[in-house]
Each structure stands twice: as structure tokens, then as C-alpha cells.
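Here come two complexes built around chain A, the first alongside chain B, the second alongside chain C.
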Partner chain A sequence: MTTESVTGALKKARSGVGVGGSGRSPSSRERKRQFTHSRTFTLFVLPSLILLVLLNVYPVVYAGMQSLRNGDLLSAGNFVGLSNYISVVQTPAFLHATLFTIIFTVVGVFGSWSIGLALSLLLRTRIPANGLFKVLLLLPWVVPVVVSATSWNWLVATPQSPLPIIADALGFGNPLFLADPLNAQIVVCIFKVWISFPFMMMMMSSALASVDVNVYEASKVDGASSWQTFGRITLPMISRSTYISWILMTIFCVNDFPSIFLLTGGGPVNSTQTLVVLAYSTVFQNFQTGPGVAIAFIMTIVLVIISVLLYRQIRKVNIE
Partner chain B sequence: MSAEAPAAQLVGKLEVGVSPSKRRTLTQMQERGKWWRFLALIIICAIVLIPIVAVLILSTQPSLGSQTQGFTLENFGTIFAKTKVGTWLMNSLTVTLVTVLVAVVVAAPAGYVLSRGRSKLVSGYSLVLFIVQSLPVVTAVIPLFILFAQLGLVDNLAGVTIIYVGSTMSVAIWMMAAYFDSIPITLEEAAWMDGCSVFGSFLRIVLRNSLPGVLSTAIFAFLLAWNDYLVAVVFLRSDENYTLQIGLQTFFQQNQANWGLVMAVAVVMMLPPVLLFALLNKYFSVGGIGGSLAGR
Partner chain C sequence: MHPTTNHGRRPLRAGGGWKGTVMASQSTGSSFSRRGFLGIAGSVAATAALAACSSGGGAGGSSKPLKFWNMPWGGTEFNPTDKQITLAYKPKNGLPAAKYQEIQWANFTQTFSSAVASNTGPAVSSGGGTQAFQFAAQGKIAYADNLLDEWKKNGLYDDFFDGLVDTMKTDEGYAAVPYNLDVRCSWYNKSLMEQAGVESPKTWDEYRNVCAALKKIGVFGFGVGSGAGSFTGSHILTAFMINNGGGLFNADKKPDCVTPENIEAMEFILDLVKSGYSDPAAATYTSDNVQAQWKAKKFGFGWDGAGLPSGAVGDVAADLVVGDPLESPSGKKGGLYFPNNIMMYKNTPSQKGSEAFLTYYYKNMSPLWTKKTGIGLPPLKSIAATPEFKSNPNNVKIVDEWQPIFKTWAAPGTTGLFANIANTVDGTAPMITFAQAILGGKTDAKSALTTLQKSMEGLMK
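Let's look at the complex of A and B:
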């Protein structure tokens, strides 16, 4: 690529034109085709739009209205205003679930990111059986959560499990890891990191692959240490992907129902209950639809606000 | 050896000014560190894979009340003969494959519009997709349960499939769009000049060259549908309609201590996605999501 074409492509990228696009405004001759284009494009988008409205937008609007009523799964009930929200927010279970959701998310995001990044850096170098390692390390993410939760249960939760026996031999007593509130919280967080790091590894690997190798050569010539190279060059170069992966993982963690539900069911004594699990158990186990939907809706609002703000932020970073 | 050594020294002396040794150190260091990194990766893999290896080992151990000792495959025979694992497996496969098919067919054209369209509407659609992706499934599940109850879609595999298709949509569209971005538009422009319609060029030129993108999207949809728990646990009620997720969970609750049988079901459940990944791993990339999210 000559410098001219590079600057040209950059200019196009800044004004939002794809590499293939011409960036010129359509001439009058092309208008007819523009029209058929937009008609075909509408037809192309329509099926997905219908699905999205029916399966995502409609339920959320419905849930919003339901959270203002005192109905159950069978009847709509009466309009009760914000009383569901007020009563829910005042319960200690809600506050505790909010707090644990935050802890779970922060540990999940940064734990999986740092491990995923470290592994992608390791795998980037030339190593025997590189491809095999990549596949093996993706397995925690590929294996269904039900399977891994069952397996973790066997590993940590019964008196015959290997981990309590090892802990016993080391003189820590024989802790049943999922029976003690604090231990259960730790196990659930580690479980989440274990499930999620492969995703981060994939995100970071593809980000690292797009960094120009010449930059490293240059920094080596300038005598930068590997820590300096990492902190001053690698990290800034992959900052956009890092940012996006944090956002996606935050959404995944906040919305994660099966990891916690299958491992502990929210217990012991509700210590590992996150907002999703609380919403589920309020609706489907205590049959209080109004308050349950209110909890889910509070989550929805917070997530939508966060995602819109972050979406803008990503685009801003991208244009700069 | 003896003849070569002094010669090498001589060459070394001659090249002092360029210092070849220093230039070589970088690659030498890479070579030297190679086996340490290899060892580190083996240890990391060993630790990370403990829970998965445990499943495999336990599934081949004799179950409670069995006469055999040591390695055995009888657990697999037992679960297929005495439980509904076969039915659950078929249910899971049907639901997952239909989801994959519909998701790709619906997402591919939409991804194409997202990749090629340059209007306010398109970027608005992209924002909608982003918001939808962040919505908690729990919020949607409750109203959908009420709606589907009226339509007779509760405890029905079709109902679950519809929801899976809906929840794959936004990421599937991004993935397709990300792949289409890599196909130069000039190919289509040439086809249009020759009188090809937009739909024709999409089908014959763009889609035909997008096998990796389609596979990537398909794998994503497969994993989402196969690994889902929340939707299945809410919507599926009778055990002939269970998917493997719910089947394994109820089986686990009924046979707490009988790890051999439980883990055999677990192996049946994890085999399809693991095989899929082992075979098609090179096509799968989530990195594209990042690019397509930020790109428009």
C-alpha cells in the first residue's frame, strides 16, 4: 500500500465510509438504483426487525407495565403505581443482591480479562502445539454450564470431594465450600472467571493479531524492556478491543443466571444471590410477579443507560 | 569440529564492528524461552481442565451398585436404556439445529445491510441491536411466558426455539456484518453493472464468499442454543420435552451420589459442542464483534 492510498483510506474511515466505498455522494444517474437498494435493504432487515420487536422490545415494554401492577403469572392485576419498586428497593435481599452483583461483575470482568490477556500474550509467541493449546483453553467456555457446574459441585461441595479433602490434609478443616457463605461467594466468582477467560482470550488474541509487528521491532531497537513495551505499546494499541470486551463481559456477568443458580441456587442464606437470581426466584419460586419484574426492570434500565453511554464512548474512541 | 572452531573465531573477530551476537540475542531469547512457555502452558491447561477431565474420568467409573471394577463404558449403556437421555439428546439437537439455520438465514441479510448501508437509519438499527443485546433475559422471559401460554407454546420445543433465535439475533447480525466488511464492494458493483439485482449479487457473490463468516455465526448460535439453561428451565415442563440441560439437572438432583451415571449424561451433553469446536475452531472468531461494534 502506498502512503497515498493509506491516507485516502484513513480519510474515508474518518468520514464513515468503508474501505471499498467511494465516499462520493450519489450522482443523479445512480438515484434509481439507490431506490431499489433501499427497498431491498428494507426487505433484508425486516425479518430480523420483526423478531427483535416481538421477542425483545415487546416483552420489555410489557414487563415495564407489569411492574406497575400487582398481578401474577395468570392475571394482569390492578395498577399500583411505583409501590412494587418502593417495596422491593427497601428489602435487605435487594440491597445484598445489588452489592453481590457488583462484586461478581467486577471480579468476573477483570479476573477473566487479566487471565485472558496473559494467555493470549503467551500464545502469540511461537510455541509447539500452539493450535492445540488454543482449543484446549477454550473448552471451559464451550462446555455447557450445566456440565461444568455439576463437575464443580463434585470437586468442591460434597464431603468426598477432592478439594475439601486436600484442604483437610493441609489443616484447614474439611470445609464444604458451598455451605459457607463467604466460601460460596469466592467459589462462584472463581467459577465465573473460569468460564469467561476463554472469551477474553479470543477477544485479546484477535486484537493482538491486528497490532503491527513493526512497532515491536522499533521498540526493541530503541531498547525498551518487555514491561515497557507491554505498558506503553501493547496496552494502548489494544485499548479499543479491551474497552469493548469489558463492556460485553459486564453485560454477560450482570445477566448471568445459570452459573450462580446451578452452583448454589443463590444460597447459602442468599449470600450468592445476584439480581437476576433474585428476580427469577421472586417470580417463579415465590410467585410475586410484580416485585420480581420490578427487580428485572431496574436491571434493564441500568443496563440500557450504561450500554448507550458506552456505545457513544466506543464510537468516539473509534473516530479519534 | 577442531578445524571449524578457529575459523568461526576468526569470522567472529572480523565482524566485531557489527556485533552479530547482539543481533542474534532476540531470536535466541525467543528460542530459549520457548520451552519454558510450553511448560507453563501445559501446567495452566492441566489446572484449567481439571473439571472437564474429572467428568470424563468419572463417567467411565463403575456407578453405584455395579459389579464391574475399573474402566467401564456401561454407564453410557445404562443411561440410554433406563433414562430419557436419547429423547433429550434428540430434543437438544433439533432445537439447536433449527435455531442455527433460522439465525443464519435471518441474520445474514440484516448483517449485509449493516455492513453496506450508510444512513442514519442503519446506525440507529445498530444502536438498537446493542441495547437489545444488553437486556437481561429474565426481563423478557416473564412476559414471553405469559404470551406463549396463550399461544400454547409453553412446554413446547418450538416456543423455546423461537426465543433462542431472538436472543442470537444481535450478535449474529454483528458477526455477519463484520465478515461482510472484509469483502470489497467492488465485486458487487461490477455485478450491478452487468445488470444483477442487489439480492442476486448478495446471494451469488457476497454470501458465496462468506463461508467462514457464516460458519462463525452458526457456531455462535449453536453454542447459545445448546448451552442455554434459563429459557429451557422456565418453558419446558414435561420430561419428554426436556433438552439435555434440564434433563441433566433433574437427573443430577435425583441421583446426587451416583456420579458415574450423572457424568455419563454430562459427557453426552458436552460432546457435540466440543467436537464442533475441535473441527471448526479456525473459523470461529469473536474478535470481529469488537470491530463491527465500533465500526459503525
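Let's look at the complex of A and C:
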């Protein structure tokens, strides 16, 4: 075996030659065989790739084209460029929907995260029927949202519903939970937190399980209080999972159509209308596909920006 | 046969010592090579693609059956009965037979638009109330003028209720023929009305008095809803405008909402709301919530479709009675209805065949009503005269007293429906918002109507 530098050996390895090899490059027959293999591989993958493109890429491209036209559900319409985007962002309905989407998302993300984290910390303690509680607490997330929304409608919609009766009995009068715009917004946000906290609870449970218990023991030895342990050990150590869950829940909240549409339809008087509900009603109720799809694309761009910003935060946490 | 296992990377030993590569080389020794397999797969794919392309071809000869697409207009018995009627059709020589398909309401607009655009749609169909007019505007509809001329000769035309066929008329011709009627009328719970000591009102003033009497026994007199998925609230407000001689469109088919008649009508409604005669939560009531309120005997008088007693109203169904049309302060009577219809498309194996099938269908469709399949009211007097139909006194009253005064969305300007109705008022967001604003009672008539008109103008094509 000849003595050679590391650089030389690496160079040979990159050109496909082992240590002690002859140094001759692979023959053309070898290259041709590899090319045939690549082509075969590509041809086998192609049908799946075509299907993927047809089902995912084509609708997005077609929707993009629709957003540049003034058609409806029956006809493509004429090309109008970016005027749909410009006109949509100037409408009061869009501005209101944006504001409520932000409120709904902030409440949904942080409300569900807080409750999910609190419950996951509680479930780590020794309480009776711990396993049963874990299952029951998952139910709001597991039950289809159609069922949940119908149940909540039954709970609050009419003066004869259970919650208004309880509120009246407690001296709060007869509140209109869904017919009053402010109350409807509150109900919708609470509903979102209620169906989302189990997801956060699961995310935080798995994050907490990955924290080394020795760290807690060390902190006890150092005399750290519970709050200090929580604030300076637990939270930082689960921060990566926290940011990921925030990204996911932000996307879930912004894109959440059924929760709002089934509970209030975006009403009363558009008070609970988020951007996704506005996009739906613009396309399927008002038959304005261009502006409706433009709203959807604007939402997508904003979501991508938020996701990128939060993802950078995750990378910062990794590096630290 | 194994795909390459080195994933395109060059082997790290000269001569290519990968087992996978060697096995692939060995496989070329067999008679069935990779190339052969790919060739067979490509042929199969091409054959399937050609077969798919050829099956969606345009109008061919009359040997192809004509497609009849119908919606689920009633309960579970409706479509099987309808399919039986369709398949029993025996066409004359040279004309195509009919093929039946039930189309669900979910995403029906997309179903029809993609089918019609790709020339794979039906020759004859029902659908949304303004669908025929939207497709007519795109040149996809075969107008029914010729068919109606034939029906004038064979008596079928005269069997339609007066004025009904004209609701299908456009400037270019009749876009469809009326099929079943979806109406909005008043209902009352006769037990609660007796308890309140009042009778069915006949004028707006009498109606206000009925509401006041019902309020004294803790019951609402303006029972209606306008929540998620419920457009009835906006329908009833429009009905009151029409009742007063107003409506939403002028003779040029343009939005014209801020009229004295409409303002008077909406001020009347707002008065009912502010007087506490309307359920304060009604603005967000779904159809289920409305039915629950009827069932809970919280609605003594209200407004809904002809099928209210068939809904989830429980024992109250037996107590529900259709009210009388009201006379407005201007001395007028009126209401709103939606004449659902059947349309013919230009993409048909035979236009003569489409017309022959429709003639057969209209002469034989009475079981859809006599067998109580749940379909809306009939368009033909002969069906309304059957003993089975007449056994329901509420339906008889609607046909006898309400049908003659009903008008469409196009009122007061015109009788015939048109395409812009679909994107401005029929289940649209501005109409829902308008209804919720009025039922919420925190607006005035003129402002609400002005907002509605501006929104409608923004949606006009």
C-alpha cells in the first residue's frame, strides 16, 4: 500500500477509486449502466410524480390564474391582473376579517398552549385515573368538528339552551351568546381553544417527557423554587417543541373554516368572519372567484412569512 | 427485477461490485426485460387514456342515451321514484332513451360547471333556481320556446299555474320550464293563537296586534331565523318588500332597493323587532334552531317554507296552519317564491329527443307528489287537483291563496329571472348581512337598504 496524503486519498474516493486502486476512471460502459438505472428509476417514479403535480401543483397554479381574472364558478372571465388583490385589501370586510383573524389566532394559539401546557404538567403528577383523564381530555380534538359545533350551538344558541338558562339563574340576565357580535366573537374564540388544547397537551407532554430528570434534581439541590424551575429550566428546554406547536397552531387557526362557519357562519353581521370564511363566501356565495382566491393567496403568503420567522426562532434555539 | 440500489451514485469499487447492479444485469438475460415491461405499461396507459378521451365526446348520434340529472328534491323516496319514471320512458323510433343520475347538492355548482365546460354534462337537468339563466348567459342552454309551443298544442302549457312559465322568460327565450315551487309563507300555531285570543291576521296592522297578543303569553309573533346556512330571514324580508309593492330590482334588472315601499316595509319589520315580537337571537338562528323554537312553543306565528311541519317540530306539526296573505298599507298583497326548474342543454344527442323526454316526464311526474316523496309544490294544476295532494289542506291553501300573489327575486321590475340574481341576492353574503342587521334591530331601514344596494351593485356582472 502506497503512502499518500489524505487529500490524495479523498480525491481518489471522489472519483470512485478505492485506496490502493488503479486510479483509472470508471469505464463508459459503467456510466451508461448508471444512466440506464437512473432513467428506469425516474420512469417508475414518474406516474406518482405526475399524480402529485396534478393533485397539488395544478390546483394551486389554476387558482393563481383565477385570482388574476374576473370570472365566476361557471366561466373563467377576463384577465384583470392584480386588480383583484388591490381591490380586496381595500374593502372594509377584508380589514375587519384580518383583524378578527389575528385576534382569533392569538387567542387560539396562546390560549390552547397555556391550557395544554398546564394540563400536561398536571398529568405528570400522580393523580388517580391519570390514564382515563388523558383519554377524556383528548375528546374535544378527536370528535369531528361538525359534531362539536352542533353541540355548542345547542348549548348556547337559543334562550332555552342550557348556558343561557344557567347564566340567567346566576343573575347575568339572558345573554345572547351568538346573536350579539361581541359575545359571538368570544364564544368562537373559546370554542377554538376548547378543540385545540388537547393537541397542545400532547405536544407539550412529549416535550416534557424528553427533559432529563437529572436537571430537575440538580435544580432542587441548588435550591430553585418551582417557579424558577419552570421558568428557567422547563420552558427553555421545551422551547423547540413550543415553537413548532405555535407554528402548527397558527396555521390551524388561520385556516380554520369549519369551526366558525358551522357555529356562526361568520355572523352576526360578519363580526366573526375570518379571512378564510371571507374567501369562502366571496367565491361560493357571491360567485366572485377572482377576489376570493386572491384573499386565499394573501393568507398563504402571510402564513409562509410567519412560519419562516418562527422557524428561524427554532434554529436559533438549536444553535444556542 | 430490482431497481438500482446505488441510487445513481458511482460504485466505490472499480468494476461495480454492487450486488444490486449484478442482479439487474442478470435479469436482462430473461425474455421479459425492463424495456419490455415499460413498453407494455406504456401501451396499457395509452389505451386507457384514449378510451377516456373518446368516452367524453360531443353530441353523437341518437343511439347515445340522453343524460337526465336530477337533484334530491325530496326525502329518501324521491330519487328512486324519479328514476323509475325516467327509466320507464319508451322513446319513439330514432329518439334516444334517457339515463338517470342523481346529483347531490354539495358542490353542485362545481359539478355542473365542470361537466358543462367539458361537454360531459347532461342533456336535461334540474339544479339551482338561477342555474339555467347563468348557463344561458354562457350560451350553453337550449331554449324551451319550441317545447312550450308544442305544449300549447297538447294542453300541457295551460296546465301550469298562471304566470309561472313567464318566470323562465329571458330576452333570448325561455331558459327552462318550471318544475317544483319553493315558497315562503306564514305559519301559526293554532293552539297558541287560541290561547292568545287572536285569529290569523289579514293586514299588517292586524299582524302587529297578533304579535302583541302573543307577546303577552310569552310567545314570539315574528318567528324567523337568519343564522349559519339559513337564508330564510333574508327571504322573508324580501317577501315583505314585495308584499308592499317593492322588491330588489327595477325594470332594467338593476338593484333598486332604497325605495319608499321598501323603506316602509323594513321600518315595519324593525318596529316588530324593537317591540320584542321577534326572538332577539333570531339573527343567528339556523334552521334547526328555528324548528326547535316552534317545537318549544316559543314561536306562535312565523314565516318559513311549505315544508315546516315536516321538519323537526315534534308534536307541534299537527297544530301548524298556513296563514293568510297579508294586505300591506298600500293595499297590495305579495310574497316570494323560487320556481325551481328543468333546463335543456345544447350538448345533447338530440334536441328533439330532449324535448320528447321532457314532454313524457311532465305527463308522468305526478307520482312525485301523489306518493309524498317530499318534493316542493307542483307546477301543474292537474297535480294540485289530485286527491293525494288535496289531502293536505295547508298545501291547498298555499296553492289557492299564496301562489297567485307570489313573485320572484326579479320583482318588482320584471317577472322573469336572470343570471345576476345568483351572484347578488340568492344566498349571498350581502343578503345575509342585511337580514342579520334588520333582525338585530340596531340599524335603520334606509341605511340597511343603502348598504344592501351598494353591495349588490358591487356584485353585478
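Criterion: the second predicted complex is superposed on the first by the 257 of 320 C-alpha atoms of A that agree within 3 Å, B and C clash if a C-alpha of one lies under 4 Å from a C-alpha of the other, contacts with A are read in each partner's own complex, and residues count from 1 in each chain.
By definition in this document, a residue touches a chain if its C-beta (ideal position, glycine included) is under 8 Å from a C-beta of that chain, and two chains touch if they have at least 3 such contacts.
The shown structure was predicted, so the numbers you read here are calculated from the model rather than taken from an experiment.
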(message) Contacts for A:F133 in the overlay, against chain B (first) and chain C (second): which applies, first, second, both or neither?
(response) first
(message) Contact-wise, after the overlay, does A:N270 reach chain B, chain C, both or neither (first, second, both, neither)?
(response) second
(request) Count the residues of chain A touched by chain B and by chain C, then name the partner with the higher count. (result) B
(request) Would you sort A:L262 into first (chain B), second (chain C), both or neither based on which partner it touches? (result) both
(message) Is A:L55 touching anything from chain B or chain C once the two structures are fitted on A? First, second, both or neither.
(response) first
(request) Check whether A:F79 is in contact with chain B, with chain C, with both or with neither, and answer first, second, both or neither. (result) neither
(message) Per the contact definition in the header, classify A:F172: touching chain B only (first), chain C only (second), both, or neither.
(response) neither
(request) Kindly classify A:Q285 by the partners it touches after superposition: chain B alone (first), chain C alone (second), both, or neither? (result) second
(request) Would you check which partner chain A:F41 touches, where first means chain B only, second means chain C only, and both and neither mean what they say? (result) both
(request) Once the two structures are superposed, pull the chain A residues common to the chain B and chain C interfaces. (result) 16-18, 21, 33, 37, 40-41, 43-44, 73, 158, 261-262, 284
(request) Note which residues of chain B are touching chain A in the complex, please. (result) 26, 30, 33-34, 37-38, 40-41, 44-45, 48-52, 54-55, 58, 106-107, 109-110, 112-113, 115-118, 125, 127-147, 149, 162-163, 165-167, 169-170, 173, 181, 183-186, 192, 197-199, 202, 223, 226-227, 229-230, 234, 244-245, 248-249, 252, 257, 259, 262-263, 266, 269-270, 273-274, 277-278, 281, 284-290, 293-296
(request) Note which residues of chain A are touching chain C in the complex, please. (result) 13, 16-18, 21-22, 24, 26, 30, 33-34, 37-38, 40-41, 43-44, 72-75, 153, 157-160, 174, 176, 178-179, 184, 261-270, 281-282, 284-288
(message) Considering only the defined contacts, which chain A positions touch chain B in the complex?
(response) 16-21, 33, 36-37, 40-41, 43-45, 47-49, 51-52, 54-60, 62-63, 66, 73, 119, 122-123, 125-129, 131, 133-140, 142-148, 150-152, 154-155, 158, 194, 199, 202-203, 205-207, 209, 220, 240-241, 244-245, 248, 251, 254-255, 257-258, 261-262, 276, 279-280, 283-284, 289, 292-293, 296-297, 299-300, 303-304, 306-308, 311, 314-315, 317-318
(request) Enumerate the contact residues on chain C facing chain A in the complex. (result) 3-4, 6-8, 10-14, 16, 21, 24-25, 34, 38, 109-110, 113, 116-117, 134-135, 138, 226-229, 279-286, 288-289, 292-293, 296, 298, 422-423, 427-430, 432-433, 436-437, 440, 459, 461
